[in-house]
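Okay, got some structures for you below.
Common to both upcoming complexes is subunit A, partnered first by subunit B, then by subunit C.
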Partner chain A sequence: MKLKSVFISVLCVLTALTGCRQDGGGSKGRVAVVISTLNNPWFVVLGESAAQYARELGYEAVLFDSQNNPSKEAEHFDNILSSGYKAILFNPTDADGSTVNAKAAMAKGVPVFCMDREINEPGAAVTQILSDNYSGCIALGEYFVETVGREANYVEILGLVGDNNTWARSRGFHSVVDCFEGLHMLAQQNADFDQNKAMEVMETMMQANPDIQAVFCGNDAMAMGASQAILAAGKSGRIKVFGFDGSDDAVGAVRDGRLAATAMQFPKTMARTAAQFADRYLSGEHDLPRKIPVAVELVNPENVSHFGNFGRRD
Partner chain B sequence: MNGKIRSFFAKPVVKPLAALLLMAVAMTFLSDKFATADNIFNVLRQVSVNLCISVGMTMVILTGGIDLSVGSILALSGAVAAGLTRNGLAVGGVFVGFTFWGGILAALLTGAILGAFNGLMVTRFKVPPFVATLGMMTIARGLTMLYTGGFPITGLSNAFRFLGTGWFLGVPMPVWVAAVIILFFAFYMKKTPTGRYIYAIGGNQRASLLSGIRVDRIILLVYTLAGVLSAVAGLLVTARLDSAQPNAGAGYELDAIAAVVIGGTSLSGGRGSIAGTVVGALIIGILNNGLVLLDVSPFWQQVIKGFVILGAVIIDKFSSKNQY
Partner chain C sequence: MKKALKIALGAAAAVCAVVFAVRIEPLEEHLAAEMAAKFKPEEVADWHWEHDRARLQDEALGIGELLSGLKADPQAFCDAHARVLGIGSGSFFVVKGTLEGFTSDGEYLSGDCEGSLVRIPVKYIFGNLARDASGWFNLDDFQNTMAFNEISSYLNSRILSDVIPSEIPQGGSCDFCGAVEVKPAEAIPASFRVIPYLLEFHD
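Now for the complex of A and B:
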């Protein structure tokens, strides 16, 4: 009796689960989209557009979330390689840690196409479509000097101190700003790309340094948190906030003047390029470029009307 | 008189309190920005979220349990409040709008339901608390992602913003919320029979059962309360940020557990207090604030925090060894 009810409930759960499956697409085979994390809207856009473009090209697309964990990612790759996927659109969790996974796939004849983040070994992917964090932050740094001036105090909020994008952005920014002796960084703290943490860190940094004119944040979520802290402290307009990513709320904030500037990365462009390259490769075109840098564009109050919805409007 | 003083110093909350004062004094010397009214209010406001969660966590740990799902419940409740007040709810073609209070109620209800689910898993299905709440941690995070689609819900009402950033009688609103919760539950644990039963269950579950305490019911209640208090914390975080983040509250369970343990509550249950937890949360808050005020490198901050947690527990263990 008891066994029967257990059996029935398991059956019910399984039936219910089929309703949760991601909807498939055409019949050219299955493509896996492996994304480092879906905890951040930017990556959700990257992953969902990659799946969407793959479906438009006639593939079935399935989305995998590595939860920022290389070993979770390795498990996904094991499953993908044992279940007949044609290609992998890949957003690695880590430049070095993900190499093994990508190589294993390539060795089994499943082509890998990297999006946004790089893998530190050229042969481990057919094509790497990369967001140029470093150059994007050089542009941001130049605009920073232009708007804040050559004599100012500022603070920096880093993302995750163990993440290579964090440092690519920080180094790009400092490669410009550190050339000016009048620009003093009074504090440099991390907030793990998290809005709430950034707000708290900003509150405290404003306490420690009453005289700051600007804050550079490693992503837009943190920039929004910092701007919230500045608003609550009644210092709006006196401290300029700079972000990075081009998320919708940040672009809106540049429009309202709450952020001084952000930098637009193009997740949809990268996703589309990766899907197209996978399609070309699978149709027999094996001579594809190894690396395609996708420029990061500065978004400031003058040009903000051209941006939105994770890309250019026009 | 002498006996009174001695019994005061024998109280378990005294040692963490001494550590707190020591840290506050040290910080005052290290940074002239620390002991300013603005900064103290910053610390209190930042601590209020952890305080709400930690009060619930204290009760759970006193019964000998643990709740790892608080951060995820926080995120889901915050998202529910933000989503419902902003977009309403459409069920089968019927649209229901939500006011500020409707949203708050829905969030608290969400917390209560998920907390009660934890409690049922522990009491009815005998799942160990660590596993039951680990499951809920993932479930609630997944539900948050499903509900928000992975995107933040922004643009809340003025009432919400007041809850997060407003002031009342010269004190920030989140601090009021945390203070009311602390006072209520400190009284509840000390003066009501249910409060005493919670201690009894953690001390010896079997003896409690034999002496007629309805153990299952109390444990169910404790997990439900922990869920509700996480929801309150979720409302505060959402209101402060003026947006509900799908990844809000990740890792908060560890801060809460740290606050409880630093405050002298035994992880095996039965011994500890809400007052101790408040002190523990303040220690973590001052540490977070102080390390940033002094611009300590982010790499070192984690090392230092870890040692402070260990140090607090070691001091507590050695000075009360006859209790172990």
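Now for the complex of A and C:
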């Protein structure tokens, strides 16, 4: 019996110590950073930056990976809401499906600040800080027409069908290219923002459509996957690849010609803004804008030297 | 006993029918959903288009005024006169002027206005510039960004149908009022691309 008590006491002390190390030791309370997936470098930067900015503002920050799985995300929210967190910096897995989690947190008085990905109910988060995907893809669409030409065959690889960013990007791109009758989309398929899936999708698309001149991808991971498939098929230089995100490997690929262009989102800006807004809200400032778009910039061979490290160099 | 069981089952069924026939939701959520259902972005855009478009001319800056302001202190001028959208966006202005002796290549009207080259697209109009420079819309009023972006597509289509004539007159002059984007951190552009809200051609 004594041994059991000692064991439990030691366990409690260890748990407490582990908790402190994990949380970073801030004094204003704990902030949860819930990220849709940490299997993509862009989201790792978003999550780690949000945690870092929260710590700089005096909070303990804990990072949660939802693994692109709404059930996992719901589990995280259950844990967060029963563990006394002050706020949630949230990158949702699904525009509709994640709403219930955000609403549950708000109902319990834990403010939610969305980063990059949108949820479809404006009141379910205090503020949503979102890339202006639509405008970014208009710029990409215009550059696509400029470089591919007004007569060409192309394919499109979409991200997650349940994510608003997927459609904002696709619609922005199509609002331009659909104006040109000579541009024919031969196929459109989703690859869930995943590099390996995109590689497989691109292989299949090339087999079914030998005459492809360009591929528009909803993010850089998929663009890199498509690029690998093109390389393996011996078609490098014959199919122009367009991505979106501004990840470091994609910016490098624009520099060395494997990608025609990408669009720089600014994950660190979004993360910093979310952390600052959470701090302002927790300090009593409740009159905050519900949505804040963050501009996206075209990255092409002409201006690529200005970009890197998930932002502008200058 | 059997009769009692039947009554109990019947009562349970009746209770279930009543419970599942009624859905209880917070009043605030219900009103928000009702508002969202009533909100028609195209109707809002139409209303502004009909009521506020002419007013844009009153607030518009002359091209010369824009140029001299940008030359003097671009950031201060943009802070004082431009509209912006969120973080890192360009600065949006409503401008007006007259193109004397313009030319048209089928896609753009081009001409000199107060010493600057002005280019007005007349075939393809993309993007959010007309929406964002107008100041008519607030992102917070929309259910999601997709609905907000649909406003742009709709406004652009109204510009193509209502503002751009099916046949561009040759020669003469053209009064314009439209939207322009400037990036204060960059060099002053050699030409201004103006999305038109109003065009008036003269012989």
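The rule we apply is simple: the second predicted complex is superposed on the first by the 286 of 314 C-alpha atoms of A that agree within 3 Å, B and C clash if a C-alpha of one lies under 4 Å from a C-alpha of the other, contacts with A are read in each partner's own complex, and residues count from 1 in each chain.
Everything that follows uses one rule, which is that a residue touches a chain if its C-beta (ideal position, glycine included) is under 8 Å from a C-beta of that chain, and two chains touch if they have at least 3 such contacts.
This structure is a prediction, so every number in the text was calculated from the model and none was measured.
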Inset, instruction - Consider subunit A as the common anchor and indicate whether subunit B and subunit C clash or fit when overlaid. - result: fit
Inset, instruction - Check the residue A:158 against both partner chains and state whether it touches subunit B (first), subunit C (second), both, or neither. - result: first
Legend entry - subunit A-centred angle between subunit C and subunit B, computed on Cα centres after superposition, in steps of 10 °: 140
Inset, instruction - Tell me which partner A:273 touches in the superposition: subunit B (first), subunit C (second), both or neither. - result: second
Inset, instruction - Once the structures are superposed on A, label A:291 by its partner contacts, choosing first (subunit B), second (subunit C), both or neither. - result: second
Inset, instruction - Considering only touches as defined above, state whether A:171 meets subunit B (first), subunit C (second), both or neither. - result: second
Inset, instruction - Report for A:123: first if it touches subunit B alone, second if subunit C alone, otherwise both or neither. - result: second
Inset, instruction - Note down the smallest distance between any C-alpha of subunit B and any C-alpha of subunit C in the overlay, whole angstrom. - result: 22
Legend entry - Doubly contacted subunit A residues - partners subunit C and subunit B: none
Inset, instruction - Mind listing the subunit B positions that touch subunit A in their complex? - result: 31, 33, 36, 38-39, 42, 45-46, 145, 149-152, 154, 165, 237, 240-243, 245-248, 250, 288-289, 292-295, 298-299
Inset, instruction - Please give the residue numbers of subunit A that touch subunit B in the complex, ascending. - result: 38-41, 43-44, 158, 161, 186-190, 194-196, 199-201, 203-205, 207-208, 221, 224-225, 228, 231-232, 249
Legend entry - Footprint of subunit C on subunit A - complex, ascending: 95, 118, 120, 122-123, 129-130, 132-135, 138, 141-142, 164, 167-168, 171-172, 175-176, 179, 266, 269, 273, 289-295, 297
Legend entry - In the complex, subunit C residues that touch subunit A: 32, 85-90, 124, 126-128, 139-140, 142-146, 149, 152-153
